[in-house]
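Shared chain: subunit A. Partners: subunit B in the first complex, subunit C in the second.
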Partner chain A sequence: MSVKIEVIAGGVPHDKIMIAGLVSTLVCIYLTYLNAFTNTQMFSFFGGLAVVAALIWGSHTIKVLCSYGIGTGVPSAGMIAFGSGTIAMLLATKYGMLAPIVALVLAAVIGLILGYVSNNILNMKIPAMIQALTEMAVVGALTVMGFAAMITGGFTFTGLTTSTATFLGFPITSYANSFLGGGLIAVAFLLGAIAIQHPFNACLGPGWKQDRMLMLTAECGFLSMIVAAVMSFAFISAGAALISLIVAIIGWLYTYGQFFAMSKRDAAAWLDSKPIPDTEGH
Partner chain B sequence: MSAVAAKPQAGGAMNPTAMAVGVVLLIIILGACYYVSPNLGLTALIGVIVGGVLIGFGTHFVPVGGAPAAMGQAPGIATGVAMLAAGAGLAGLFGGAWAAPLGTTVATITGGIGGGLMMAITCMMVNFVYVYGMGIPAASGKVLHDPITGDSQAEFKSQGTEGHGLPFVSFVGGVIGGILAGAGGTLIYLALLDLYKATFPTLMSATHAQVLPVAVSVAGMFAVAMFLVNAVLTAYNITGTIEGPHDPKFKRWPRAIVASAVASALCGFVAILIVAI
Partner chain C sequence: MENIVFGIGITALTGALATVAGSAEDTESNIGSQGDPNSQVQLAPQMGFLHRIFNKAVAGEPPAYGLWCALGAGLAWAFMAMQVNAILAIVLGCILAVFVQGVYATTAYLGRTASLAKFGQPVYVDIIKSMTTVTMAHAFIAIFCTVALCQLINGALGHPFPLPLLALIWGIALGAAGSATGNPYYGKERQYQNQKFGAGVPISASGNIVRYAEAGERNSIDNGFFTHKIGGSASGICFGLIVFLEIWRTILFERIYAGWGAIAVGVLMILVFTVIDRYIEVWARKNYGPYTAAKEADA
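Let's look at the complex of A and B:
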């Protein structure tokens, strides 16, 4: 038995958000590939924009799934999204230029099977479960890949496991000073996992508004991007990292201002909410 | 039906067809792994599956109360399964990873002790907060007498609640759960670390010492990711809250075993493919 609680209908339909999120994430991740063509690192910040786009899509997916009252809390959805997504992303990085596409397909397969497992073997019987877990695995994979592209300037396995430092004029290859070897992937994992689950967790309830939640997601995404931009100083040139940082700060200030305005807009109006619904809406 | 009592009731029944599909899927993944990497890969995958099943089974013991527990209206620790299992399991994983050079047995036991210790401290402090902070006694809502101490529960249970606080049996359950989950997480880490240590030098054409940070990091990341996947699947199995091993929901564990085995096999297979192809 699961009851769907749609407190407020309307807004942009989920399919539209999904397609827009998927396309813009992939395009942004591929735009970081301009680094390789132009032999600079100036385009790394597109990785951060990919993260924001993916998170907006993902948080709406969480909204779709969690309005069925799964009973485990919203954060668990973010955790399984990134748990399954990171696994797919790590394998996909081996495919060079094709990595984002491979990550997409692989994460979708993993998410599909996990969705089947939870819906049928664990008897959750929630209509949106399989599709939601599939989407969230893809979001998780593309978000971590976006962070990787932003911090290191690329998304290939070699690029993520090595870095070149100059010692006494000789270039030396370091494995410990890399996105994977240095454990930065764990930070990227949690930056994304918290940013994806927080918006719906914070905005759910009878006063839920789609635009406010998605604006909060963008705000969380840019906030994560600021941290990632600071970390990227260790891997890419200072100029490129500075561009990322400036883009992130401008994006964060704008989205935070917008979110604040929307919160004031929604708080000024009062909603004739019904008595507490029979099922919890988290 | 009050809003608090109205947790979604996912069916407690087994779904035999889906279970059969799950077992077939597991065999297919094992076969595929045997095909791509018969020795090292298969050993690692079996370690991963055993670890995943331990996590899935262990999480059933942990008294998860969720939001109702925070309001003193249900027994258990006042947070979700994902957070608790992550706390206990990762504490165990760190302990186990530290002991990894001492061999699989020592490391696994260390991981289990780390997880159990973390849960013991958590349960202890939770009860301090409940008793001295919120002023509520520990009482189970699911059983009349504590199965271990035999203490009567019903007199201490407030009307309109499902029990509150953390009864002794839940405390013991939490520690057992922490031990199993910590050992499971460590097993996954060790299985993958052994595989990566053996294969990364050829894959990346570097020396053993050079690739060690990458092997540790990738194995650790996979262990964390699989840990979270298994913990959340178990959370779905118990639909959010459970009191401990005496809770009727505990009887659902066979479903979680199959689900964890399939999920771990799938994730483990992908982790092995990194070095196998």
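Let's look at the complex of A and C:
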């Protein structure tokens, strides 16, 4: 039985973050579906915003889980979130417009099984484990789906596995040049897996503050969105990709600046080219 | 025959690229105190030893390098899909990946240090400015070499995996090689030069890392300078050998028994290396291990 060594003192309660994260992620993923209605790709950037929302929720889940003394397990929590989530997301893309909902349900089931196995068969007996693994699998699935929607403009299986290239003036269908066939899903996997674990991994310690960590999550999300937007130039129209890129850069600049300000607020001192301060006894 | 000669040439080239990548990777991670030495850098202020050492724990080295390399390759792949020349595409992809690495490094240092405010550890702005750029430069070399060798494996040797997936696999291997080979030299020797050689890290010395240099206070560039001499080179040889031997056995033996030849040679190589490793371990313990220290002291 692990002992909980930290408590969440103040700040927004986890349930509130979870509900807000889930709702805004789903809404943002569905907003990319406007692409299909309006027959453009201008709404792809909502996929990136879904990523940011899901990551904020997921990083707080990691904080809840890792408060039970799982110090070195922080990066691995990100890996299991995306490992279980990607399976659910891939299967769900077969269901067309229902894909985000199916991904949510499938990922929750996979997470539930993983949580049960860890707690009851591997005997980890961590109280928050089952709920946290379920949440993280959902976050993983929706984040990869958000990246897919942002980079390719949609989240259907056909859209992710085929692309049309022009060869000698004739349009040809290519599988190797798609989101899945080109292996970009591996990039989306790791972009999300590192971004979800980094905020808590970077901010852990006695001076942990919720607002600073969540601001860092948003920063990681927008940073991932910048590079995803650059990759999306290969799939969607330049105008749509440019909108994603501009939204990502504005969001990143704001959150990065805010994170610096919050770190300055919380740090013991903010020194430039100064020696180590004298401490008693050393 | 021509195919094999061409394959061996590419194998040599990938091995050389991997050696450079391994060396740069280890130096980068040591300047950032990433991997297992990180725990002591993180612990030191809590034990009252404030320091001026860069502390950027983004994740363990394997997942972190998995991301940097996969990202560089994914961006390069996207640029190539946009009909950009392969070399230019790889350079552009790696520049963007290094930008992401640099941003992660600054936020890791700021976050960790701000959370240690209780123990009086200050944030040094000059450390962010000077160390981040040095790690970014080393990371660029490591990522560029890894993505380039993946492009060679994919383009010249016709590996069926797409470039980002190959880079993910080799990036994780690169991080693992640097972490396993290079880190002990920083985490066990460099940080604890004030302890008896080979003594390990006793509990009483936890967090008491060396914080002062030949002149002034030690910073992480001093650590990178020191560890590059042996730790970096050893990591380079390690990753270079992994890549070289892996591709070499595939090129030469994959035609024997529909690929089983390459697998058999791989198993044989693991056995040979196990024997060599065991011999070196026993030899090193006998000569340098703490277990015979009492006898040597008498003589």
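Here is the rule we use: the second predicted complex is superposed on the first by the 261 of 282 C-alpha atoms of A that agree within 3 Å, B and C clash if a C-alpha of one lies under 4 Å from a C-alpha of the other, contacts with A are read in each partner's own complex, and residues count from 1 in each chain.
Assume a contact is a pair of C-beta atoms (placed from the backbone, for glycine too) under 8 Å apart; a residue touches a chain by one contact, two chains touch by 3 or more.
In this text, all values refer to a predicted model and were calculated from it rather than measured experimentally.
Undergrad: Should A:I80 be classified as contacting the first partner (subunit B), the second (subunit C), both, or neither?
TA: First partner only.
Undergrad: Looking at A:K94, would you say it contacts subunit B, subunit C, both, or neither? Reply first, second, both or neither.
TA: Only subunit B; A:K94 stays clear of subunit C.
Undergrad: Taking the superposition on A as described, I'd like to know which of subunit B and subunit C A:S118 touches: first, second, both or neither.
TA: After superposing on A, A:S118 lies in contact with subunit B but is clear of subunit C.
Undergrad: If we overlay the two complexes on their shared chain A, which of subunit B and subunit C does A:V230 touch? Say first, second, both or neither.
TA: After superposing on A, A:V230 lies in contact with subunit C but is clear of subunit B.
Undergrad: Check whether A:A202 is in contact with subunit B, with subunit C, with both or with neither, and answer first, second, both or neither.
TA: second
Undergrad: When the two structures are overlaid on chain A, which partner does A:E219 contact: first (subunit B), second (subunit C), both, or neither?
TA: Second partner only.
Undergrad: If you stack the two complexes on chain A, which partner ends up touching A:L106: first (subunit B), second (subunit C), both, or neither?
TA: A:L106 sits against subunit B, while subunit C stays out of touch.
Undergrad: Have a look at where A:I194 lands relative to subunit B and subunit C in the superposition and call it first, second, both or neither.
TA: Only subunit C; A:I194 stays clear of subunit B.
Undergrad: For A:V12, using the defined touch cut-off, is the partner it touches subunit B, subunit C, both, or neither? Pick first, second, both or neither.
TA: So A:V12 meets neither subunit B nor subunit C here.
Undergrad: Shared contact residues on subunit A, subunit B side and subunit C side combined as an intersection?
TA: 75, 79, 176, 181-183, 186, 276-277, 279, 282.
Undergrad: So in the complex, the part of subunit C that touches subunit A is made up of which residues?
TA: So the residues of subunit C touching subunit A come out as 42, 48-52, 57-60, 63-64, 66-67, 70-71, 73-75, 77-79, 81-82, 96-97, 100, 103-104, 107-108, 110-126, 161-166, 168, 211, 217.
Undergrad: Which stretch or stretches of subunit A touch subunit C in the complex?
TA: Touching subunit C: residues 75, 78-79, 176-177, 181-184, 186-187, 190-191, 193-194, 197-199, 201-209, 212-213, 216, 219-220, 223-224, 227, 230-234, 256, 259-260, 262-264, 266-277, 279, 281-282 of subunit A.
Undergrad: Taking the touch rule as given, give the residues of subunit B at its contact with subunit A in the complex, in rising order.
TA: Against subunit A, the touching part of subunit B is residues 1, 3, 6-15, 17-19, 21-22, 25, 66-67, 80-83, 86, 204, 206, 210-211, 213-214, 217-218, 220-222, 224-229, 231-233, 235-237, 239-241, 255-256, 258-259, 262-263, 266-267, 270-271, 273-274, 277.
Undergrad: In the complex of these two chains, what residues of subunit A are touching subunit B?
TA: Where subunit A meets subunit B, its residues are 1-3, 68-73, 75-77, 79-80, 82-84, 86-88, 90-91, 94, 106, 110, 113-114, 116-118, 120-125, 158, 161-162, 173, 175-176, 178, 180-183, 185-186, 189, 276-280, 282.
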